[in-house]
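Below you'll find the structure, written out as C-alpha cells, and then a few comments.
We call the chains A, B, C and D, going by the order they appear; numbering starts again at 1 in every chain.
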Amino acid sequence: MLKNIVSSGSRATREGFGAGLLELGRQNPDVVGLTADLMESLQMHHFQKEFPERFFQCGIAEANMMGIAAGLATAGKIPFTGTFANFSTGRVYDQIRQSIAYSHKNVKICASHAGLTLGEDGATHQILEDIGMMRMLPGMTVINTCDFNQTRAATIAIAAHHGPVYLRFGRPAWPVFTPDNQKFKIGKALHLASGKDVTIFATGHLVWTSIEAAKELAEQGISCEVINIHTIKPLDDEAILDSVSKTRAVVVAEEHQRNGGLGDAIANLLVHQMPVPMEYVGVKDSFGESGKPLDLLDKYGLGKKDVLWAVKDVLDRKK
Amino acid sequence: MTDDTIPSSPSLAERRKQCNFYYMADFSKLHELCAQVRRDIVRMVFNVQSGHPGGSLGCAEFFVALYGNVLKHRPKPFKMEGKNQDMFFLSNGHISPVWYSVLARTGYFPVAELNTFRKLNTRLQGHPATHEGLPGVRVASGSLGQGMSAAIGAALAKRLDGDKRWIFCLTGDGELEEGQCWEAIMFAAHHKVDNLIVTVDWNGQQIDGPTDRVMSLGNLPAKWKAFGWDVLVLEQGNNLEAVIAMLRRAKRRTGKGKPVVILMKTEMGYGVDFMQGTHQWHGKAPNQQQFDSAMQQLPVTSLGDY
Amino acid sequence: MLKNIVSSGSRATREGFGAGLLELGRQNPDVVGLTADLMESLQMHHFQKEFPERFFQCGIAEANMMGIAAGLATAGKIPFTGTFANFSTGRVYDQIRQSIAYSHKNVKICASHAGLTLGEDGATHQILEDIGMMRMLPGMTVINTCDFNQTRAATIAIAAHHGPVYLRFGRPAWPVFTPDNQKFKIGKALHLASGKDVTIFATGHLVWTSIEAAKELAEQGISCEVINIHTIKPLDDEAILDSVSKTRAVVVAEEHQRNGGLGDAIANLLVHQMPVPMEYVGVKDSFGESGKPLDLLDKYGLGKKDVLWAVKDVLDRKK
Amino acid sequence: MTDDTIPSSPSLAERRKQCNFYYMADFSKLHELCAQVRRDIVRMVFNVQSGHPGGSLGCAEFFVALYGNVLKHRPKPFKMEGKNQDMFFLSNGHISPVWYSVLARTGYFPVAELNTFRKLNTRLQGHPATHEGLPGVRVASGSLGQGMSAAIGAALAKRLDGDKRWIFCLTGDGELEEGQCWEAIMFAAHHKVDNLIVTVDWNGQQIDGPTDRVMSLGNLPAKWKAFGWDVLVLEQGNNLEAVIAMLRRAKRRTGKGKPVVILMKTEMGYGVDFMQGTHQWHGKAPNQQQFDSAMQQLPVTSLGDY
C-alpha cells in the first residue's frame, strides 16, 4: 500500500489554493476574494483577473480585512481572505474571534506561507502557532492540506461548508501524491497505509515526510499505519481511536510548535480515551530562522530522520 | 417626495407600514420613545447592577431617529442578510442598553425581554451578539474597533448586488484610538464606499477620563477629511430633530464617491443630571438612591416600562 | 493538610496586582506602567498616583501599547502593561510575538478579567484561550495566580525575572488562602495537599475550587493530591511526574478552554513520559456568556461538582 | 558649532572619533559608501536568490546619511540600551539588506558577514532580529506596522532618563496602511514625544502595485498634520546632501512639543535602471543576466565588495 503512494512531481500547495479559488469563482457567484497586499503570493491573481469586481484589495491592513469579510458574509457572500498564515491568525486573532467565529460568519480564512518551509524570510514570518490558535476557537474548522491536489480540493470543499474555516497551506513546491480528482471530506481522516506497530498521524507538508519515513521503516520491518489528518478541527476521533486501539503507539508529525498543535489535540483525545505512549515531531518551543525549507526542517527536527527516531522512541516505550 | 424630506410624509409612513417596514412619522411619538428609552436604559443597568448607562443615554436620540424614522427596516421577520433594507452596525457594543431598548420597542423582540439583560441564558448579552440569535444584531461587538470594518463589508456586498439601500454604523470617539478604525477609514475612501454613513458618538469621554486627557483625538474633523471622507459635524446630537435632519442630510451626501461621516456631539449620560457630562458613568450602575433620583428625572411615558 | 487550607476572606486577584505594582514602584525606579484606558480596572491607579511620570496612558490602542513597552524595555525599563486578558493576548498576539517574545524584551504583560468570572460583560470579553496562546510563544513565562496574596507576590517576583512574562488574573473577589508574606517562585509548582488516588493540578481561580472539591472527596474516602500550577510555562515537569508516578490518575482544572491550556500542557508531558488517564475541568469548546461569575462556572462545568465528577471519572478509568 | 551645521566640521569628527563614536565628515566618502551599499544590496539578494532589493536601493542615501553623518552612535561595543546615543529603529524590516550593509560598513560587524545574509545559522536574518545577537538591531521587524511604537517607547525612556539624544525610525509608505501606525502617530502627538524623528520611505510602491492603486494614502502630509505632527517633505530622498540637510533640519525642529516626520520621496530600485520606479522589484532577486547588468551600472568602489 505504501509503495503505491508516489509523487507525480512537485507543486506548491498555495497554487492548489489559487486553482481551487478560480474554479470556485466560476461555480459560485457569491464567492468573493480579499487580500492584504499579497495577491500573487496567495495565487489569488487568477481569480482577481477573471472576477475583478468580486475581489477586494485591502492593502496592508489585515484586521480590517477580517472585519470586511465578516460584513460581506453577513450580507450573504462567501469571502475568502488571503494573506500569510502569520497575518491570518496572530495578527487578527481578536477580530476573527469576535467578528467571525463568535458571530458565526461564513468566512474562509486562507493562509499561505505557514511554518518553517516559508524559508528565507525567517522567524517573523514563520508562524508555528497558528493551528494552536485556530483550534481553540469554538466553531472554527481547521484544515492543513498536504499537497497541491488536496489543497485545491479542500478550497472547493470549504465553500460548500457553512461556517468559518481556517485553511492552512505553504509556500514551497512540494511532492504531489494525492489524486487530482479527489473529493475532500472535511473532518474525515485519510487512511494512507495500514500497519500494526505504530500510528503516524501527520498533517500538511509532513504527510509526505511521514510516508517516506514509513517506507524506510517498512524495509526495517517496522509496520506503520499512516493517517493524514488534514482536518485538525473537528478531529476525526473515531479514525484516531480505531487506529490507536490497534497499534497502541503514536507519533504525530506537523510543521508547528509541539505546544498547542495537532500533537496536543491528539494527546488531549488519548489521555481521555486511550492513554498510550506518544512522540511528537514538531518544533521544540523555539522560533525558526532564515534558510532553505529542507535545511530548516532538518535543523528543527522535522525531517524524515526525525520521524524515524520518533517511531523508534515510541516503540521502545511501548514495550 | 422621498424619505429624505422633513417633515416626514404620512403617505410614506403608510407605504412602509404596508410592506411591514417600521416607520414612525409622528415626532411627538419619537420624543416619547426617547424618554422611554432613557428609562429602559437606567432600569436595565440598575436591575443587574452592571452595564454602560453613560454612552447609552447620550445616544438615545440617535437610535430613536435611526430606527424610528430614518432606517428602512423590517423588524419581523428579521433577515440577517438585510437585502433591500438599510442595515445598522453598532461598533461601540458596550452601549447595548440603548440599542436593545430601541430594537425591542420597534418590534424586533418582546419588550419584556429587556428584563433579561445581562442575566444568565439571555439573548441580551452584555455586549451585542448573534450567538443566541437576538433579532437585529448582525455582528457581535464589544471588543472595540471592529464594527466599521464589518459595515464596510456589508456596504460592498450591497454594491455588488445592486442593492441601493444604505449601511449605517455608530462608533465611539474613544474607540477611534484603535488603529483598525483608521484602516477601515482609509479603505472606505480608497474604494469609494459611498453607500455608507458612519456616525461617531463624539461625547469626549472614555473610561479613564475625558478623551482629550486620555488620548486626544485632536482636530477630529481634520483627521477624517485628511482620510478622504465627506465630514458632517452635528453640534446637537441630543436634539432629536437635529439628528433626524442630519441623518437625512447625510443620505443626500452619499452616492458621490465618498463615504460620509457624522461627527455627532453628544453628552454622555444625557437626561440624568448626575450622570451627565462626566466619564464616571461610562460603565457604572446606579445604587438605589441614585436610581430613584434618575427615575424622578425621567418621567413615565405612555409606552410603559418593560 | 487540606483542612488547614482556609480562606481568610475574599479579594480580587487584580487588587493583588495593583498592590504589588505599587510596591514595585517604590522598590525599583525602572518599573514603569502602561494601560490602554483601563487603569482602574487593572488597579494601576495606585501606581499612577504615586509615580505619574512613570505611567503611560496609551488610550484604546493595545497594539501600540505592546510596541511602546518593547521600546521602553529596549532602553532598560521594566514595563508592566495592563489591560483585560483578551486585549492583552489575542488582540496583540503578533505584536507580542515579534516585538517582545522574539526580541527578548523584558516586558510584563499583566492581564486582568480573564475567563468566565469576568461575568456580565459576556463572551466578547471572556477570553478562554489566552494561556494557550501565550504558552506557544518561545521564551514566554506564563503565570496564572490563584488569589490576592499570590498575585501580589507574583507581581513582585516577575520584576526580578529578566524576560517576557504573561501574568494572568481575574476580576471578581475570590477566597484568599495563600500566605500573605509568601515568596513567589516562578516555575515551582505548589504542593497543597498529599494524596494517593489522584492528582488534581489546578491553576488560577480553580485552585480554590479544587481544594474545596478535594475536601469533600476526602470525606468520601478519596485521597487527592492537590497541586497549584501557578506557572504554566515553564511547567514544573518534575513535580508533576513525581506526583503522577504515585497517583497515576490526573485531573486538570482551569478557567480556560479544554483545548490548548494547562490541560494540554500536562497531557503533552504525560503522553511523552507517563501516559495515564486524565480528565479536564475546563470549558468544552464553547464561548461564554453574560451572567454572574459563580453561575457561569457552574453552567460551563467549572464548579466544585465538576471537579468531583472528573475525579470520579478518572478513578473509574484508572481501575 | 553644533552637529546640525552643514558642511560638517572636522573638529566634530575628531571629537566623535575620540569617544569611539562613528562619524564620517567627508562627503565624497559618503557618496562612495552609497555606491558600495548599492552593490552590497544587489549582491546579497542575488547570492541567496531572495530578499528585497527595491526598497533597499531606494533608501541607500537615507541610511548612509543617518549612520555615516547624522546619528551619534558607537558601533562597538554595541549597547542595546543606547544610553546617551541616538537610536534607530527600522520598522519596514524587509529592507534589511541596506541596513545590514550600512551597519557592517560603519563597524557594527564584519563586512564579510554580509555573505551570510538569509543563510542558515546567520545573524543576518531575512528580517532584522535580535535573536541571534546581531549588533545594531534592537527590536525585530518584518511583520509591518510595529516599529514606530517601539521607537516611541525608546523615546519615552530617554525622556525619563533625562537623556537628550534622539530616536530615529524609518517606516514604509505601504506600511502606513497598518492601523497600529496610526495608533502610534496619535500617541506620539498626544504625549508630545518631541525627541523622535520618523522618516517615511515615500516611494509610492508596495507589493501588489503602486500605493495609489493598492490602497491610496491620499494626501499624506495632510494626514500627518491632522494627527498633530510637524511634517517635513523631502522631495529628493535619493540625493545624499538633501537627505543629510533634511535630517539635520528635522533635529532642529525637535524639542518643540511635536513629533517630527520626514515624508521622504524616494525611487524604489534607485540606481539600477530596470529595477527603478516599479513595484516589481519589491521582493524579487535578479537572475544572472540581470545581476551582471546591475553590477555594470553600479561601479566598483574603493571600499571593495564583501
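Going forward, a contact is a pair of C-beta atoms (placed from the backbone, for glycine too) under 8 Å apart; a residue touches a chain by one contact, two chains touch by 3 or more.
Bear in mind the structure is a predicted one, so any value in this text is a computation, not a measurement.
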{"item": "Chain B and chain A - chains in contact with each", "value": "C, D"}
{"item": "Contact-richer chain pair (by C-beta pairs counted) among B-C and C-D", "value": "C-D"}
{"item": "Centroid-based (C-alpha) most distant chain relative to chain A", "value": "B"}
{"item": "Distance between chain centroids, defined by C-alpha means - chain B, chain D (Å)", "value": "45"}
{"item": "Whole-Å separation of chain centres (CA-atom averages), chain B against chain C", "value": "37"}
{"item": "Distance from chain C to chain A - Cα centre to Cα centre, in angstrom", "value": "30"}
{"item": "Centroid spacing, where centroids are CA-atom means, of chain C and chain D in whole angstrom", "value": "41"}
{"item": "Multi-chain contact residues (two or more partners), chain C", "value": "58-59, 61, 63-64, 86-87, 91, 94, 97-98, 102, 123-124, 287"}
{"item": "Residue list for chain B, restricted to those that touch at least two other chains", "value": "129, 131, 140-143, 145, 177-180, 183, 186-187, 190, 215"}
{"item": "Category of the chain touch graph - line, ring, star, complete, other", "value": "complete"}
{"item": "Chain D-facing residues of chain C, complex", "value": "32, 53-54, 56, 58-59, 61, 63-77, 79, 94-95, 97-99, 102-105"}
{"item": "Interfacial residue positions of chain A with respect to chain C in the complex", "value": "86-87, 89-91, 93-94, 97-98, 102, 123-124, 128-129, 132-133, 135-138, 250, 257-260, 263-265, 267-268, 270-272, 275-280, 285-287"}
{"item": "Residues of chain B that touch chain C when the two form their complex", "value": "48, 50-51, 93, 118-122, 124-127, 129, 131-132, 140-145, 174-175, 177-179, 206-208, 214-215"}
{"item": "Touching residues (chain side chain A, partner chain D) in the complex", "value": "35, 37-41, 57-61, 63-64, 86-87, 91, 119-125, 287, 289-292, 295-296, 299"}
{"item": "Footprint of chain C on chain D - complex, ascending", "value": "80-83, 87, 89, 129-131, 138-143, 145-158, 160-161, 179-180, 183-184, 186-187, 190-191"}
